[in-house]
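Have a look at these structures, which come just after this line.
In what follows, chain A forms one complex with chain B and a second complex with chain C.
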Partner chain A sequence: MNPDRRQFLAWGTAAAAGAALAPGLRLIELVQARSPEEAASALRRWGLLIDITKCADCDVCVSACNEENGLSSHGRPQTDAQWIRKVALRDTRSGYAQSLPLMCQHCAEPPCVDVCPTGASFKRDDGIVLVDKHICIGCRYCVMACPYGARSFVHEALSGQKADVPRGKGTVESCTLCVQRVDRGETPACVEACDRDGGKAMLFGDLNDASTDIHRRLRSEPSRQVRADLALNTGVRYQGL
Partner chain B sequence: MMRFAVAVLVAVLSVAALAEGQTGGASRVALPTIKIEKGDACVAPTGEMRRNHMKFLLHQRDLTVHQGLREPRFSLKQCVDCHASRTTGSVLGENGFCASCHAYASVKLDCFECHTPLRETGAAGTTRVTGKAAKTR
Partner chain C sequence: MARVQYREIDGRSGGFLALLAVLGALILGGLAAAWTMEHQGHHITGMTNRIVWGTPHVLAVFLIVAASGALNVASIASVFGRALYKPLARLSGLLALTLLAGGLAVLVLDLGRADRLIVAMTHYNFKSIFAWNIFLYTGFFAIVALYLWTMFEQRMHGYSARAGLLAFLWRLILTTGTGSIFGFLVAREAYNSALLAPLFIVMSFAFGLAIFVLVLMSAYRWSGRVLGEVVLTRLGRLLGVFVAAVLYFVAVYHLTNLYIARQHEVERFILVDGGAYTALFWIGQVVIGGIVPLALVYAPGARGSRSALAAAAACVIAGGLAQLAVLIIGGQAYPQQMFPGKEVSSRAFDGVVAAYAPSLPEVALAVGGVALALALTAVALKLLPFLPLSLADGDLESSAA
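Coming up: the complex of A and B.
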């Protein structure tokens, strides 16, 4: 046996021993936070899988979103910013009622980006659709173009913004998939709240990584896109719809 | 000769009066309050920061928003955390690090229309969530 082959076998044995340590225990975490010097990569595509059958009759996802992103109400629901909302569905014949959280669907082909005249509405390389408020002129074309009604316009001067979530009058905004948390390697606030206080209906992960739970479930279980007929290839998928 | 001595005396007196007038005038102009709250050195030499901080911020802003690069060196959040007043917790206000210099230079400051001017843990007893100081700009 030559030394190279012996070395290779030794590595193989060590790797097998590592794998056999304990089920569920990984020596290397599969999803690691990007370092601050590393740009968002097109190798990843962040997405959500929401199981409506588990979606409890609560709004912890909405309040967690408001808390995380500093969305305060002016007491005017018509114009208050709304990044995620609970939508009630009811079958008119059978009376079967469901509710689901609806937010920016982080489309692969986002209509909001198509219509933006300044390039403020854009899709980040890792699939998160964002508004660059530095160049947003507040024309609200994207608000009209979005088939999910996911975008809000800030009508009034604000104060008390969160340090990681700048917001200002005259710009459009929507769900950022909690990009500030994702960049730190955490999950969005709604997902965390649903896991903690809700029905554990939401799953966040990398749609491109075959080793993630979200990829495994999308591969093996049925799921739907809202308005799949528009062929937008949404990053948010639903089950039980 | 006498005439020359008088001329010299008048010149000296007028220069002295002018100098006095200048110091008197300077006290009427609000000079910027440049009080460094935290640390001995900024992320770049002072001269470079004074001339180019807006360029650094603009560059960093595009990298952060579009590519998710959150390197803290030139981030606005980092500026605020070091430079915000320890009494008001803000970089705005009369003696705020950003506001006083921008008022002196008569340059409009837009950052804090959207970004919070308050440091993460503000002055004792105040937190960023209340945002009271943000209204007093």
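Coming up: the complex of A and C.
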């Protein structure tokens, strides 16, 4: 076999192997996303780590959430839906000022799920707390029970809804951790916006996976839960609070 | 022992028809309000994302609590063996049913998706005290209906005491459930207390008896039957005991909170600088709902006076509504404390006292529920012999002898 032919075969084999393996490698990426038929796994626990020392004086997370989930204002702030909000804090003694994004904390022991009479408020196996819009009767007991004021009641008719974000007048809703994106293997809209246009303060990931950044940082850096006294084991943790 | 003669009220007078017409109009108003809320959405009410339970819930909880309390008169007769109260037992059972129906109607029609009531009846989360309450309410209807049957049907008289005991135990559990709707809310400073369950039980004793007294006095006056002093004096004294018990539990609740540093701010809000809620607490709940009725019932000058007793009962009702408004609406208006030692603000009204002004539709719905309870009572009194022909002192004593 002449050297040219040998080289051609070597390159050819490499190219064939590459062509065969590349989709496989791509498949590994896709495998990490969940197919619509596959149930959420309790092996995962999705969560957020928010470093409020980096939280900029902006609300790109709020706008991104509204955009992604089709939340529009009716010009009535008391009844408009608010899934994530920027909260300004000022220490009453020292005057030290901070701000942070606050949303559903995706508790492991969610009070909203405990109190819901029909089971419409539920926690997915991967820790995301959601409302089943088909069996929510709009009693608002979950709003009473949430320690974080994270839930909104849909006070009026909706228009321009997103196909993958079910909502409905007369039912309760809150941050879904952008479950539609997470199931596609993406990060929540607020996190993406904060990375792109904000202070890069938000980190999303699997709290159970030792190889993730969020797991590593929670293991090596101090963090805390809002209302840790309630022992709800929140999926959202804060740094610098 | 003379047999008590029960008889339907005549119910053909112009006054009776006028009463039904007014109540019917109020019920229609309530239904129209519910329909409007259903179509427009709850933004037409004064309720918001911060005050999710408003005036309809104050009235609904009041009626539900009063329903279990109204049954007390019957319980005193059959469980505690006081024969004097026995002729009153049928009305007591009737009010228990009608008040509960009125309260539940308001609660259901206020739901964001009232059309999904069937979902609430077919999907249960048994960790929710709300889900338990659905069984407690429906069970209460069934048990009280059974209890009334044992009173009406001569063959069943022998079972009346046992049915009465079951109804009494059930109503204690039911009001424990209603109080625990708030008592189990760990996230809000104004609730989260085991004391709310027994507090609701004594509240039910007072509110239910106050309504019972007013309905009894009105029914006897309007139907021209005799209502003696003996029964009214007894009921008046009993009302006084219940009102004092409510004041006691309220005092213990607030004293406990005042001892706990993290509860100081919410106590300051209710007791000192909560504006309308502070006024409702001191003037409505304590003075009108507590001190005035005690004075009216026990003051030597007022003792035995019918108008004083009626005024005392009306005060207990007004004070009870104030108490529930302070608890339900005030408890939500006070901002949730998430960051101790920090001043909090946001566009979603964090850190500030939530504004609330009831709108016409929610008031109409709430009033419609009261009207429904009263209309059902009036119609039932016309259809079935709930009331003794006479509660004159001599007749009562001979039947109680």
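Convention: the second predicted complex is superposed on the first by the 210 of 241 C-alpha atoms of A that agree within 3 Å, B and C clash if a C-alpha of one lies under 4 Å from a C-alpha of the other, contacts with A are read in each partner's own complex, and residues count from 1 in each chain.
Everything below uses one rule, namely that contacts are C-beta pairs under 8 Å (C-beta built on N, C-alpha and C of every residue); 3 or more make two chains touch, one makes a residue touch a chain.
Just so you know, these numbers come straight off a predicted model, no measurement behind them.
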Per the contact definition in the header, classify A:E37: touching chain B only (first), chain C only (second), both, or neither.
first
Check the residue A:R93 against both partner chains and state whether it touches chain B (first), chain C (second), both, or neither.
second
Residues of chain A touched by chain B versus by chain C: which partner has the larger set?
C
First (chain B), second (chain C), both or neither touched by A:G75
neither
Looking at the overlay, what does A:K169 touch: chain B (first), chain C (second), both, or neither?
both
Touch check for A:P222: first (chain B), second (chain C), both, or neither?
neither
Taking the two structures together, which residues of chain A meet both chain B and chain C?
168-169, 171
Per the contact definition, I'd like the list of chain A residues that touch chain C in the complex.
74, 76-80, 82, 85-93, 102, 111, 113-120, 135-141, 143-149, 151-157, 168-172, 226-227, 230, 241
Contact set on chain A toward chain B in their complex:
34, 36-40, 70, 122, 124-126, 130, 132-134, 158-164, 166-169, 171, 179, 183
Chain C residues within the chain A interface of the complex
38, 40-43, 48-50, 52-53, 111-114, 116-117, 119-120, 123-125, 127-131, 134, 181, 184-188, 332, 336, 338-339, 341-350, 355
Per the contact definition, I'd like the list of chain B residues that touch chain A in the complex.
61-63, 65-72, 77, 80, 113-116, 118, 120, 128-131, 134-135
